[in-house]
Amino acid sequence: MLSNAGANSAGAARFKLGTWGWVAVFVLAALVPLFGPSGYLLDIGVNIMIYAMLAYGMNVLLGYTGQLPLAHAGFFGIGAYTVGILTLKAGWSFWLAWPVAVALCAVLGLLLGLVAFRTKGDAFSIFTLGVGVIIMLVINKWDALTGGNEGLNGINPPAGLEALSKGVGLKLSAGFYYLALIALILTVLAVARARGSVFGRSLIAIRGGEDLARSAGIDVFTHKLRAMMLSTAIAGFAGGVYAVYVGFLGSASAGPAMTFTVLLYLLAGGLGTLAGPLIGPALLYTLTQSLKGLQDYQYIVFGPLLVLLIMFAPQGLAGLWMKAQARRELAAVTGKKGAERA
Amino acid sequence: MLDSSVGTGSNSVGTELLRVEGLGIRFGGLHAVKDVTATIPAGQITAIIGPNGAGKSTFFNLISGFYKPTTGRIIFGGEDITRLKTHEVVASGMARTFQTTTIYKELSVLENAMIGHRVRTRAGLLDALLRTGRERKDEQESRDAALTALTRVGIAAHAGRPAGAMTQEGQKRVGIAMALASNPKLLLLDEPAAGMNPEETVSLMALIRELVAGGLTVTLVEHKMSLVMSLADHILVLHHGQKISEGVPAQVSRDPAVIEAYLGSHAHGGQMGQATVAATGEAPHA
Amino acid sequence: MSTFLQQLFNALALGGVYALVALGLTLVYGVMRVPNFAHGGLYMLGAYLSYAVLTGLGWGYVPALLISAVGVALLAAFMERVIFYPMRNAPHVHPMIAAIGVLFFLEAAVQLVWGPDFKQITEPVPGIVNVGGVIVTWQRLLVIAASVVVMLGLNYFLKRTLTGATIEAMSQNREGARLVGVNTNRVGMMTFAISGALAAAAATLIAPIISVSPSMGEVMNLKVFAIIILGGMGSVPGAIVGAFLLALAEVFGGYYISLDFSDVIGFAMLVIVLALKPQGLFKRGT
């Protein structure tokens, strides 16, 4: 079920439209490598999809549950390093290491949640920020396991990915593109299902007001824990793709700066929407890459942008679009009623 | 007597549904509620009244499990629910509304009611991800229960509207529907008439009577004395966090302790005047 | 023994600086309920402004400190007017996110103007002093003395002046302060200005000991947040105690356990304390 989040009165027609929209987007995305694009273009595509997955994970907590998790990149790092370490040092296959990394992130997310959700609101965010820093520092200092400052080098592409790509006449870069695309589709599907469920409605209730949710009979703590696990599992899922894609890992990718970047992308795209976490990275990552001069000082622009977004359009681009659509629908309905009366 | 009130929910009128024993809570050094022992009879309307700052809302928050008492016990349907978490209290059959129109204004009326039914469903994250049979069954059940609740409060026709677009009274009804969707035995209403005009108040009172006629037990905190005196079967009076009187309206309104409490707090002297008029002017309803 | 005392002096100097930065943060949180993630950015900017006055204008250390404090105070007040005041009724994560945006901007802007390299501020009083057998640099003594003076001044301000008393009243109880007719509108701006001045003063004090870099704010940010959570968010004494606790843990942990992990120690302490006492060590009066 891929109904658009937030749109509750959506009738069957709109639900189908939303689903077909997503199918169209993914089919178009899947066609891209067939036109023989440059490696640079495919690289941008893969990066966007990895950022998008991260943003979907953050959206589960921030957009649906109303909790700002600032350890998000830490779990991205844990997922990436788990895949890196298991494949490099233990000789595991990526296809085994990846699900293990996801499961590990879910379990660690549960443990973090058990402690972190004892605090509320601002304290929760600051607490998770502290945990995020600890994760980054531990990765940075634990030389024996993570390679410390040197990082982890030479992570191999997933077994069979190159052969598979060559077999259908594509380059390895296209193979990675499809790997990321499939991962992204699974992520979107999982998030959409979670949002559109009895469980997801309870998250929205918690976002709307914890005290009210509690009084309405919702087990707030347990729901937050599950949301946290889904969020960190998705971060780890994205981390696994990242590890095999770039082939080397550094602790910075697990740090708060990464979390803040994902936050910016998510806000730009649209908090609490299903399309937002994809739109934000697609626009902003492309923008950063295309404006070469911007790269070093991107936050001269992005810092104020973040402020303006949260002040004037906290629902992001997807939110603005949905608002406009709702207004059109309302106009159509009232127009029809007027006609009936006349 | 205890056995009869467990489980079934169809309690014969007048038997005890909820009992508090020596209930108290302290905030810092202050006794907001102190040593209250009282009962709420099944199938009736019980009103909790008292001058401003008497601890009515705190008492309310205590029985609904929102605050944890520092002393005493709460027995609901024969079970000790004192230590239960708020959502567990709801699961045990007690639902509440808030003073203000605290509902999910950005969600639809139907979704508000569906949220109220969450406590009766079990589907979790894994059910959602795998779209299990339980997920589909729970979703359907939530929808049905929510529609039933909306029908009971008379706003089923507005199911698709955003709750925030309803009138003040409509929003109160959404709040009541949310509570009813959890299939409670006891419905707690915190100042249901706050912010209502006289017309809306009358229609809300009619709704409350209807619900009670259907077998529900209702307890409310209310400021508007005229409403309390004509609506309640049973009244509990709090003052400075302690119970000073309990009984039928006619009895309570003549209780010297109650009159003194209201006259003593000059801000509400007028209200008590109203109350006396209401109680003596019309015969206490049977 | 002398190494121990040596480390103790280091910890006191570090703790003094932490306290100044954390005090501003906790005051802003108490009054505005904004966890100001930009605070570390203000601190970093303070160091750069002092550097600019010292090297660009060639003025002395004290004028540099004052100019930097005033400059950052004005910027912080401006920030409050333009960003945080208009967002005072937004959901609580919104101002937090805006503050992160400001932090990004300040860092990038400083890097654009002064470059990413480390800068050095020379000690105003070079050399070392022998205090009862313990060798201490003059700068550390200066840091300790200056932070004590500033803290005493702040205490005087909060206790003895009307504006200060208002800030304290508001951080205790916003609604109450509004009810008694305090102009809460201006107080927020004042508090931001004070927090900016404190951060800039702290940065100028510590700058000769450490080096100045655009990323110095991020690390400090995390530490002072750890401190105010430890001390209870909004609590003034909590911030001071938390600051010295963290400094002691870092210095002695770094010395006796491992210098590599001295930064982790602070956060580990935070995680442990919060796991045991979610409200912090000094719970604020509600």
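All chains are identified by letter, namely A, B and C, in their written order; residue positions are counted from 1 within each chain.
Assume a contact is a pair of C-beta atoms (placed from the backbone, for glycine too) under 8 Å apart; a residue touches a chain by one contact, two chains touch by 3 or more.
In this text the structure is predicted, and so the values were computed from the model without any measurement.
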Inset, instruction - Please identify which chain has its centre, taken as the mean of its CA atoms, farthest from the centre of subunit C. - result: B
Legend entry - Centre-most chain [mean C-alpha coordinates]: A
Inset, instruction - Provide the C-alpha centroid distance between subunit A and subunit C, rounded to the nearest whole angstrom. - result: 33
Legend entry - subunit B and subunit C: spacing of chain centres that average the CA atoms, whole Å: 48
Legend entry - Rounded Å distance, subunit A centre to subunit B centre (Cα mean): 42
Inset, instruction - Could you pull out which subunit A residues touch subunit B in their complex? - result: 1, 8-9, 190, 193-194, 196-202, 204-205, 208-209, 211-220, 226-227, 229-230
Inset, instruction - Enumerate the contact residues on subunit C facing subunit A in the complex. - result: 29, 33, 35, 83, 86-87, 90-94, 96-98, 100-109, 111-112, 218, 222, 225-226, 229, 233, 260-261, 263-264, 267-268, 270-271, 274-275, 278
Legend entry - Touch list for subunit B against partner subunit A, complex: 64, 66, 85-87, 90-91, 95-96, 98, 102-104, 106-108, 110-111, 114-116, 118-119, 121, 123-125, 127-129, 131, 135, 138-139, 142, 160-162, 178-179, 182
Legend entry - Touching residues on subunit A, where the partner in the complex is subunit C: 62, 66, 68, 115, 118-119, 121-123, 125-127, 129-131, 133-134, 137-138, 141, 256, 260, 263-264, 267, 296-300, 302-307, 310-311, 314
